[in-house]
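So, here's a batch of structures to check.
The same chain A turns up in both complexes below, where it pairs with chain B and then with chain C.
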Partner chain A sequence: MKKNKWGMIALGLVIFLIMVTFPFWYGKGSKTPPPVLSLDTPVIHEMKEKRCVEDTSFMRANHMKMLNAWRDEAVREGHRQYTAKDGRTYEKSLSGTCIQCHSNREQFCTRCHDYVGAKPTCFNCHVVPGEVNK
Partner chain B sequence: MNLLISIIVVSGLVLLAAGIAASHTASYALTVVAPYLVFVVFLGGFIYRIVKWAKSPVPFRIPTTCGQEKTLPWIKNNPVENPSGFWGVFGRMAQEIFLFRSLFRNTEVKIIDGRPIYGSAKWLWFFGLLFHGSLLIIILRHLRFFTEPIIPCVNALSAVDGFLEIGVPALYLSDVALLAGLTFLFLRRVIIPQVRYISLFTDYFSLLLICGIAVTGLLMRHFFPADLNEIKTLAMSWIIFSPVVPQNISVVFYIHLCFVFTLMAWFPFSKLMHMGGVFMSPTRNLANNSRMLRHINPWNAPVKVHTYEEYEDEFRDKMKTACLPVEKE
Partner chain C sequence: MTSNRRDFLKIAGASALTLMTPAVFRPVWAQDITRIPGQSITPAKALTAKRWAMAVDPLKCRDGCVDCIAACHATHNVPDFGNRKDEIKWIWTEPFAAAFSGENHAYYGQSIQNMQLPVLCNHCANPPCVRVCPTKATFKRPDGIVMMDYHRCIGCRLCMAACPYGARSMNYRDPRPFIAKINPDFPTRTKGVVEKCNFCEERLAKGLLPACVLACEQKALVFGDVENPASEIRLALGKRFNLRRRAHLGTAPQVYYIL
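On to the complex of A and B.
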């Protein structure tokens, strides 16, 4: 090991550099735009004012907590009525509320989740009618 | 005292991050300038430290061995704990790096009836391994923000890590393990008087900083969800060298980022360099072959020697007259 000491050290440093710069050459510097979310569904088309259950920035960050709370309240406590901050009411339901408006799940929920690597297991059970499971 | 200073510095970082979040220019500095600066300092500092270590001379083997050296054929030797060749050293290094072999030898000493009694103490080894392992998993999982499309094994890792599906989003087990490890390592420093006595600012600061990173990360995942879409867009924009200042990202993320950048920039100049240093430890990476090879100190000053043969040549006649035995006639 003595003689090739510098060889070993150079090898180690090169491996280290390759590992820490991995993201730079993995994507080969290509530009990947954030996913385009499609709101192009019949129900949303018919809405006069395009609003989600709560305001958009809240939904974007908090929808998983909201769905989790909905599930617990609906299934465990039987409260199935949700009153939004602005007074409108919704049924606390995944396929019955969210997927009514966002019926293009593949182009909406999934696109976003694939981008950040979230893999909700909900739809293993909450089957959306007419959707073919791949 | 050292602990107090570290707490003050970490709190200072939190305030700094909150201040940065409030100002647009400062956000620009943090999200556009700082990432590259910090990365260059990290890489440059790391290489500098390694090269500096590599230059220090190690003329001899330092056989701090834990097994029988290779010797006569009928004596059983331990090729890994006392290696004599490349593969033995390789095995010893692998054990050290992946299993923390040296920590496993940790002992504790108690004075019983006025005599020191030694016993084995594996807790430091266990929590050390737990901490480092989960830290590695967490770093690998973060690749989901730096690759698009996400590398499949990173997604698989996240799935395995969250397989208990506690809560939505699922709680990662490595996060729990990391916090458990950190808590032990921290309490050990605070509670054991001897360890507290030798603990320096850098010891507490590195623990608290990593703890801060973990806590802000957990906050963003489970309590104050951050807009991951925006965060990934930011991370990807660094990679293609056209960074963008994110809009409406929570303060928690700024704190997280400030901690991470501090850690990275400070890393090469701190004890955390043991990440690279472990590969350079001469007691671990040198084969104990002093009996097979002659290691000559390269900076020995040339010494004029007068060997016995020369001596005899010079004085043979006189030796014979004095009836002294000679080797050559």
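On to the complex of A and C.
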């Protein structure tokens, strides 16, 4: 009986260890390729020099912080003009600025948000012109 | 090589001419680099005021005219759920007895009893909705506009209870399928968010008057700065007798009815 008890405990510990380490070994070796973001929109095609409001690495790392800041400054303080690092000025507007170029939400925004598991709610209200029910 | 005066002037003249070249011929290297959408060309020519207000002259309204309502609701993606219970209102009409319940009595004739007044958010100077909002989603701007930040609204509806004018509406359902034609320049709302008239602050920022004011062919709506003694609205308010809705409640409403 006593031996049996230790056996059960060991078995329980093994099961526990398997479950705790599950995320570390499950799917090891298999790779999910990072998403390919499409810049294939009419407006971007027409641009001779392809550039965003700020440089790509900054936008990639900080677009969410920038959009949150734009949101608060434009709505609550009425400051609607953004001055970029290079001195150019832009309207702080998701629909008026960002979406004019990045009009392919599915292939640009959603693809990466799905990959990193981010669920922004911007487009519950903000409208991508091409997706409007006319 | 020695140059005489004549040669010197020729070279100087030719050199001066080349300065004009980029302006006249615009070669590739002289063209401005690509401008991207949203990039400002000129600083915004926003309309500004110390205190925005509106004067309504309901006697000018045509019978059954809904131009102001249609213009507003199309501009701001206001949904039509098709029933009174869920109705979303930014600007709408009320009979005299409902708009001015305190001023009504039994001896007014049919013409006054049947009068339909355009009513909207009064953008009170002392707004009860702002006082009760727990998230500061509703706030008063320095220019007097009582504005909503839909991002912060949690749908608690305290503001609806506080507003004595019924100027606020709750989206009990997802409004998007109920919008006839979405205007992509203005966001829609989402389920669980309260909305109301914003005095077209997004149009003022672009230098445009409110949509309802421009839509009114009878010029029954006057919009302007009441703190500016030379403004059209001040002249209208100074000349004719006018009332504000339920002003005795102390909300200091800023929509004036010229009667």
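FYI, the second predicted complex is superposed on the first by the 121 of 134 C-alpha atoms of A that agree within 3 Å, B and C clash if a C-alpha of one lies under 4 Å from a C-alpha of the other, contacts with A are read in each partner's own complex, and residues count from 1 in each chain.
To be clear about the criterion, a residue touches a chain if its C-beta (ideal position, glycine included) is under 8 Å from a C-beta of that chain, and two chains touch if they have at least 3 such contacts.
All figures in this text were calculated on a predicted structure; none of them were measured in a lab.
> Should the pairing of chain B and chain C on chain A count as a clash or a fit in the superposition?
fit
> Under the stated touch criterion, which partner chain does A:126 make contact with: chain B (first), chain C (second), both, or neither?
The second partner, chain C, only.
> Between the C-alpha centres of chain B and chain C, what angle is found at the C-alpha centre of chain A, to the nearest 10 degrees?
Nearest-10 rounding gives 120 degrees.
> For A:118, decide between first (touching chain B), second (touching chain C), both and neither.
First partner only.
> Give one of first, second, both or neither to describe whether A:87 is in contact with chain B, with chain C, with both, or with none.
neither
> Which partner does A:101 contact after superposing on A: first (chain B), second (chain C), both, neither?
Second partner only.
> Working from the superposed arrangement, determine the closest approach of chain B to chain C, counting only CA atoms, in whole Å.
In the combined three-chain model, chain B comes within 8 Å of chain C at the C-alpha level.
> State which residues of chain A lie in both footprints, the one left by chain B and the one left by chain C.
Residues 71, 121, which sit in both footprints.
> Going by the contact rule at the top, pick out the chain A residues touching chain B in the complex.
So the residues of chain A touching chain B come out as 1-2, 5-6, 9, 12-13, 16-17, 20, 22-24, 26-27, 29-32, 34-35, 57, 60-62, 64-65, 67-68, 71, 112, 114-121.
> Chain C touches which residues of chain A in the complex?
Checking each residue of chain A against chain C gives 43, 47-49, 51-53, 71, 75-76, 78, 80-81, 88-91, 93, 95-98, 100-101, 121, 124-129, 132-134.
> Can you list the residues on chain C that touch chain A in the complex?
It comes out as residues 33-34, 36-40, 43-44, 77, 139, 141, 147, 149-151, 176-177, 179, 181-190, 201, 205.
> Show which residues of chain B lie in contact with chain A when the two form their complex.
Its residues touching chain A are 42-43, 46-47, 50-51, 54, 86, 89, 143-151, 154-155, 158-159, 165, 167-169, 225-229, 232-233, 236, 239-241, 248, 250, 276, 279, 285-287, 295.
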